[in-house]
Every structure is written in C-alpha cells, then in structure tokens.
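I have placed the structure first, in the form of structure tokens, so that the comments after it can refer back to it.
Naming follows writing order (A, B, C and D), and every chain is counted from residue 1.
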Amino acid sequence: MILQTIINGLLIGGIYGLATIGFSMVWGVMGIINLAHGAYIMLGAYIAYVVSARLGIEPFLVVPLAMALLFVLGYLIQAWMLNRVLKTSLLLSLALTFGINLILVDLMVIGFTSDFQAVTTRYAAAALEWGDAFVPAARLGACLFALVLAWIFHEYLARTRSGQAILAAALDREVSRLMGINPSRVYALTAGAGAALAGAAGVLSSMIFPVSPHMGNSFLGAVFVITVLGGIGSLGGAILAGFVYGLIQSFASAWLGVNYQEVVAFTVFLLILIFRPQGLLGKKYFGEGQ
Amino acid sequence: MSLLQVQGLDVFYGESQVLWGLDLEIGAGDLVALVGANGAGKTTLLKTVTGLVRQRAGTLSFDGTPLPAGAEDRVRAGIAMVPEGRRLFAGLSIVENLRLGAYVRKDRAAVERDLERVFSFFPELAEMRSRLAGDLSGGQQQMCAIGRALMSAPRLLLVDEMSLGLAPVVVDRLAGTLREINRAEGLAVLVVEQDVELALEMSDRAYILETGRMVASGPSQALRERADIRAAFLGA
Amino acid sequence: MIRISPRSSLLLALGAAACLAALAAVPWLAGNYWMRILTNVMMYCVVAQGLNVIVGFAGYHAFGNAAFFGIGAYALGVSEVLGLGFLPSIPVAAAVSALIAALVGWPLLRLRGHYFAIATVALTMAVSELVTNIGGITGGAQGLALPLDTSQSPEQVYRQIYFLMFGLAVLSTLVVWHLSGSRLGYALRALKDSERGAMAMGIDTRRAKVAAWAISAALTGAAGAIWAHWMTFIEVSSAFDITLSVKGYIMMLIGGMGTIFGPLLGAAFFEFFSTLIWSRFTEVHNLVLGVLVCVVVLALPFGIWQPLRRLWHDRQGRGA
Amino acid sequence: MTTQAVLSIRDVTVRFGGVTAVKGVSFDVAQNEIVGLIGPNGAGKTTLLNAISHLETIASGSISCFGERVSDWAPHRMAAFGIARTFQVVQPFANLTVRENVRVGAMFARGRHEHARVAAAVDEAIELTGLQAKADLLPHQVTLADRKRLELARALAMQPRLLLLDEVMAGLNHTEIGKVITLIKAIRDKGVTILVVEHVMKAITAICDRIVVLQFGEKIADDRPERVLSDEKVVRAYLGDRYAARQAALAQGDAR
C-alpha cells in the first residue's frame, strides 16, 4: 500500500513540477505573479481534448501544438499588457493577471460549457506491475515527458545566449539594456516559454484529470506551494518540490482522507513561507524583483 | 574628426530640466574627465550618451554618424558603460557576467581572447571566476564591472563614479589600469568622478559641470592650476 | 498628505454632509432595487477601506483579505445559531476576525512583497478548506442557514441592513481618517517606505503591522457579518470568494491607496459600473469584469489621486 | 573613576552565511568623543554599525551602551534608549514630507509623546540642519545633499545620546562636506557622542578624536588620527601611496 502511495505521489508530482516551472520562471525572472497560469494549463487540456477526442490523434502528439499555441498567447499577453505593469508596481501584476484569468475562464465556459470532458488514450487501462502496486502507463509517460521538458528548458537557460539574457534581464533590467539585451522582448520570450510549458502540462494532465474551464484554479494552489517550496525562479527546485508536493498530497489523502489534501498542502505552504522563504533550492539574488 | 560629438544637449526629468545646452567632444584615444558637484547632471549626461535617457533637444553623433535611439543598439555602435554602483548581475558568476558583456558579439574566438585579456588586467578575478558577483567585495565588483564593459570591444568606455565607496588604494590601482588600457589600446575613456583631484590627475582633458551647465573645460593640467577651481574643488 | 486650506476644508465638510444626508434618505426615496445596489456599494466601501489600512498605509498587499470577510460571516452565523441576537453578533464577528488576523499576522507579516500577497491568498484557501472540513456547527460543505428574523418585515430587514452597512462605511472612513494623523498612522506610512529606517527610528514595526491587519480584519469581518445576515444562508464558496478581496483591492487602487476618501470613490465607481454590466450581460459577467479589471490596472495604476498629489507638491516645489 | 564608556564593543563577531564579516573587534567610545571607523570596502564597517543598531544579529561577543548590555535588544528599543543612526544608502520615507520624516524621529524615539515636545524637537532638528526652506517638500524633490541632511535631522529629532553616522559625506562636494563637518561638531557640542563610518579622509581628520581601522573584519589600529594615519599597516591596507605622498607634500608646505 505504501509503495502505491509513493508511486501515485511521484507520478502526479512530475506533472505538478512541469505545471509550476513556467509560473516560477515568470515570477523569478520578472517578479510577476501570473494568476492566469492555471488558465494556460486549462487551455492546454482543452487543446488536447479538441484535437485528440474529436480528431482521434494520440494526446502525446498534441503537446508540441499546444506548446506553440500557448507560446504565442503568453508572448502577446506579456508584450501588450504585462510589460506595462513592469513600469508601474509589480504587485499590480496580481490584479491584472486575475482579470486575464477571469476572461480566459469565462471564454471557455461560453465555448465549451462548464461540464467535464475526458481525454482517453487507447492504453488508458494499461499499467505496469511492480510488486503489488500498479504503475499506470499514461501517468508514467506523462511524468517522464514532464521531466524531459524541464531538463531541456533548464539547459536552455544555463547554456544558451538567449537563456543567459533572460537571467540577466531578471537581475537588472536597465543594465541588461547596456549589454545589448532588449528586456521587453526577453520578458515576452520568457512569458511565452512559461505559457508553453503550462500548455504541455495541460495536455499531460488532461489524460489524468477531468477537463473543465475551472480546472486551472485548482492547479494554482499547488503551483503556489511548489514554487515557494522549490525556491522562486529555480527550475530544479520546482521539479524537486513537485515530487515532494505530490507525495504530501498522496499520503495526506491516503491517511487523512481526500478532502484534507488541500488543508495539509496549505499548512505546509505557510510554514515554508515563514521559516524558509528561499525554498529548497532557491538561488540567491533571484526572485527579489527589481 | 572627433569620436563622440555632443551638441546643445537639453535633458528633462519629468518637468524639471536637468541639462542645459551641453557641448562635449571626445577624440579617439582621449582620456577625458567629467567632474562636478553631486546632482550636477553628470550621470544624466552618461545615461543620455548610452541611450538609457532620451534628450529633449541636441544631437549626439559617434564617428560622424547620429547614434541609434535604443541603448541596446548603442553598445553595438561601440559605446560601453560601467554604471554607478557597479550593478553587476549579482546572481550570476564573474565569468557569466563577463560573457554577458560580449552579448552583442558574434566572433566566439575573439570573445574568448578578450576574456583572458580581462583576467590579465585583473588577475584577482581569474581564480574566483565562478564566484557569484553578489558575493564580491566593492573593489572586486568594480574590476568585474570594468571587465564586463571591455568585453563588448568598445571604442568609447564610460566609467561612472568609479571611486564611490572604494578605499583610496583600490581607486589608485583601478585608475592606473584604466590609464594603461587607454594608452596601450587607444580606447577612448570618459571618466565621471566625484574625486576631482583623482579625475584631473588621470585625464588629458576635463569638463566641469555645475547644476547642468558646462562651466569650464580644457587640458586637465591647466584646470588644476586655476585658483577658482582649486578653491571650489580641491580645498587647497 | 495634501495641505487643505481652511476655506476648501469648509467646502469639503459641507459636501460630505450633503452626501451623507442624501444617502441616509435613500431607503425612502429610492426603491428596493437601488437600496440593494447601494447596500452592496457600502459593503465594498468597507472592504476597500479595510484594505486601505493594510495596503494603502502599511504597504502590505493583503490580496486575500476575503478570508476575514468569510470568518466574519461564519462567526456571525455560528453566534446567531447559538442564540446570540443579530446586532450583538456583529462586534463578536469583528473581534473574531481581528483576533485571527493578529494570531496569523504575527508570523505572516514577517514576509514581504509577493510572499505576503501569496500567503494571504493561501490563507483564504486554507481557512475555507478548514471551515468545509470542520462541518458540524459551520454546516461544512452544505453551507449554514441563519435563523430568520421574523420580528420585522423583509422591507424593514433590508432597511436595517442598509443602515448598518452605511454606518459601517462611515465608521471605517473615520477610522482611516483618525489613523492618518495618529502615531500608528505615521508608523505605518514610515515602514511602508523603509522598514529598516522605521525600526532604527524607534518604531516597533511588527506590532504596528499586526495592529493594522487586525483593524483591517475587524472592518472586513463586520462587513462579512452583516452580509451573512443579509443572505440568511451562507456557504464557503461565496463567503471566502477571492474575487471579493480582488475587487476591493482594485477599488482601493482606483480611488487612491493611502487616501481617506479614495477607496469610497473607487468602490462607488467600480460597483456601479459592474452592476450595470451584471444587468445587461448576465451571462458574460466574469468576462466583462475581467476586462474592466485589466483596463483599470493598465489605465490607472496609481489611482486618480496620486498624479494630482505629485503635481501639487511639484507646483509647490517650484514655488519654494 | 574612569568615565563610563558610552559604547563598548567587546570581541564582537558577525557572520553572513559562510562569510565572517566582523571578527573579534573590541573598542570603546567615551562620552562626547567622536570616533572614526575607517577601512577598505568590505572591511565590515557598515556591518558593525548594523550590529550596534541591531539590524544585524552578532554571532558572539557583546555590545553595551551606557553600561547596559544591548546585544539582543530589538532595534526600536535601541532608539528609545538614545541610539540613533543614519544609513549609507539614504532611506527617506518617500511619501512623507521632509518635516513629517523628522516628526517620525521625534514621535517614536526618546521622550514623552505630547505634541509640544515633539514639535519643538522637530523645529530644532530642521533649524540645525538648515532644511527650513524645504520642510514641506517630498524627498524626491530635494538634492542628495539635502537628503543626507534629512537623515541627520531625523536622527537629531530622536534626541540621541549616541549617534552612528554611515558615510554621510559620500557623494557630497567640497563645500557641502565643509558644512556637514561644522554641523557634526555642533551636534557633538550639544553632548552627543558620535561614531562615524567614512571614506572621505578630509572629514575624518577634521572631526575625529580617535580613529579605529578595520581590515577584513579585524581591527588593525585604534589611536589618535595623526598616529593612525602615519601607521605603516594602515597606509598599505587602506590609504595607499598617493594619499601618503600628498600628506608629505602638505607637511613640507607648512613646515615653517
């Protein structure tokens, strides 16, 4: 029984980690808290629903399409709206992204009604066996896919020129211009990448959770906790914390019952905020915003 | 024909005017100082030259051609700045900061050569090259900031308040290194300084700014002898 | 603060008195529809003023103040179910909210900027989860029905609710007005700009912040309590609705943070505008509300007063 | 009976993460004395000042003021006890006018809180620092020199017995430095003991009775100015040859 709880926790933890990377990056790089990040995940799930459920295409293949569409959406929202907030006060990003979230969710309610949809895969029932525990193939695939995407994004930031430009713009917007970096474009690029990762997480989670316009908001609570637990702006931290959060939830629901999942998660969250705000792998000097 | 030509520069912050009709000229290979009281507008002039601030009137030309509007493009034209307070990318290492200095350059091999050249100017930085810039002392940060600006292979280096908050012995060393680079490679340098004595000692020519207006300019040696300047600035 | 000359302060006082008189006469002049809208506006004035204390003065962005609205609502509900009458339950609800704010505030107010904003959102989610799971007296997931006030006709009950919300709005504005000149007010406005500077000058910033959040929670809790009685049936999703504190935040933003009358103007403007939307586009209410929020944040990031105040000081600056 | 030290630092060590910023520093400051604290950048000067005003907690050792151990007091209690400070990076309360900034000092530090005493302390502080003309402006409307004066005025309004100055001269021009020097002397004459952290040597030599020199967190000299500034260790560590050469030239000039 313990083994099954651990497996469930780890598998869902991978998805949570991928869902959080974009949010943590946007906060770490630009100091913006994107309350619409949950909506990006929801949109990714709907893209999977429309393409696979209606056109019969394998959900995993939908990931690149969802990432591309969400990249464009994230890029435009940042370039048109959020970049202006950077010039005023960053805490306005909370109010502004709350408004954007309202818009996106309501649009989907109008388009697809609020009832739940499901995204099924041919191998939905397939599962590997490990001892007396089951490892559902779809969840395992989703979790591994999430780790691969996270690793690629981490290498992009650490190794490539435009990745370093993103980190530089995060630390000092004015001086990064002196280096020849155009912060507005870099921020839009970061926001686009963050949205794309959220879209990928959306597609992967559509195979596990029921799809509805309001699914994004339930993700948001988890994303908050994992971001701060992992350390703001830290990709490795988000992945590690994703697994930790997955395990906490899995054990909380196993021992205390499903509805205590959230309460335990938030209590852990408030404790982290108070005693170790820099999180597990928080990088010094990042996340302080300019 | 001068490298940098500034004519009739007016700059405003909001509604209050900060610079009135400034003229300034820097020849290739000159080491020029810009001194003046705090709040005289020295940093504003530098920020206008680098494009971080837009002037309301006046022209800026570099190598005879007008400068592009954005700061991002002026570094490509060959203007690099060491900002006041150094402002390194604290969360990145020394070598990452230096590489970011060469962000606009495409020639990989030349960038690597320049990296070693910077470490030759500042050997202290060489052995702690992977240390976070935020963990360095003031003097080390200043060296790294100068190195970062040099990495963009500029033709004009602007240095803002190099001595602020540094021990005199460190300031002497950095002034010496700047002088050396200027002579060895003919790199034009504009130094903005609070420490008037230091500025006039290390520069060929100097401009003196007083509440946004140019009040004096000329060879540094001559300015040091002028009684009014000694009284106002050198406290002799 | 803006220096007001004696002559214009007289005008201000007369204007305020006229407004108060007009608003007091509403129940007799306007029909039930307008009274309900104005009750809502008054409620949001209180929520916005409550936020003004912790956000406008102390600079701590309590994005999730909805937690105290919900705590006030449930505290009233529980005390009424236990037999305490409606009117005495209001101060009880306010006290419970303030107490919880103080207890939770002691650790949470060590956080700054985004961390505090996120923590308040998480606090709201955590408290609403807790109320759902406790069940029993709080009615858990099914919600809580309050005992019906049979001694008055519905007409009288709505009028009572209106005057209570109206009185609370006036009270909250008086609290903010007193705060702006008081020692606590100066402490908050100092630590808003530089907490280290304030500490070094003798301000116990921790206690000042906790006091500010307790006042903010008391006001918000009282509004929640009156709202609960008005609704007669409350459930977690509506009592702890984050949209309420976000709308309050936006209203305070429009009217001008840290001013006395700003949040009132912001609440009136925003609530009238969104009520018009509600009646016309009922099915796309959230969509249009979202657009409204975005427009306000992008167009008026500093509210109406801030540019005026800077201008006033700059004009005076050039004069000195 | 030796006069009781206003401030005594005993073997104080302060750590930041792995770095030991201040190591085993000890010195005293007597009543009405002005002590200069100099040293290369990163030597721990500001860290020590933060430790004294308790914005930084000390790892070991003790700090006592007027005979009381204050090592673990909360910062706001220090202010009530008569210890005021200015900040290296000026920290005005941006949304308060100059007068209101000074009022905060008078309202919250020593002394009773009634209106009359507060108003008097505010006027006196603004008078002494020459900010009368700019009292109703916001900090962003005045020059850096005025903002430095505002830091001083706020500290004065707290009626301090011990004043900690953190690089109040940095960024000021020659004439402004002269004015601040006379102002600091006037404050000392009103019975205030002062500890000054500074890089501007002109100011240090003009006002200090004694100078303590820190390098890499350790005390390397503690003596009267003329002895410290000619000390070989100090010249190599901090002053550099250019300063020594200029002093020598000046010494010859007026060696009558």
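Basically, a contact is a pair of C-beta atoms (placed from the backbone, for glycine too) under 8 Å apart; a residue touches a chain by one contact, two chains touch by 3 or more.
Given the structure is predicted, the values throughout are model-derived calculations rather than measurements.
Visitor: What chain pair has the highest count of contacting C-beta pairs?
Guide: The largest set of C-beta contacts joins the chains A-C.
Visitor: Based on CA centres, what chain would you say lies at the far end from chain A?
Guide: Centre of mass proxy via C-alpha means gives D as farthest from chain A.
Visitor: Report the inter-centroid distance (CA atoms only) between chain A and chain B in whole Å.
Guide: The answer is 43 Å.
Visitor: Please compute the C-alpha centroid of chain A, do the same for chain C, then give the distance between them in whole Å.
Guide: Taking the average C-alpha coordinate of chain A and of chain C, the gap between them is 32 Å.
Visitor: Show the residues in chain B shared as contacts by 2 or more other chains, in ascending order.
Guide: none
Visitor: What parts of chain D, by residue number, touch at least two of the other chains?
Guide: Residues: none.
Visitor: Which residues does chain A have that touch at least 2 chains other than itself?
Guide: Within chain A, no residue contacts more than one other chain.
Visitor: Would you pull the chain D residues touching chain C in the complex into a rising list?
Guide: Contact set of chain D toward chain C: 53, 55, 74-76, 78-80, 84-85, 87, 91-97, 100, 103-105, 107-110, 113, 133-134, 136-138, 141, 154, 158.
Visitor: For the complex, give me every residue of chain D touching chain B.
Guide: 19, 39-42, 143-145, 167, 170-176, 178, 199, 201-202, 236-243
Visitor: Using the touch definition from the top, list the residues of chain C that touch chain A in their complex.
Guide: Answer in residue numbers: 61, 63, 107-108, 110-111, 113-115, 117-119, 121-123, 125-126, 129-130, 132-133, 243, 246, 249-250, 253, 283-287, 289-294, 297-298, 301-302.
Visitor: For a test of understanding, state which residues of chain B touch chain D in their complex under the given definition.
Guide: 37-39, 135, 137-139, 164-172, 194, 196, 232-235
Visitor: Can you name the residues of chain C that touch chain D in the complex?
Guide: Listed in rising order, the residues are 3, 183, 186-187, 189-190, 192-194, 196-205, 258, 313-314, 316-317, 320.
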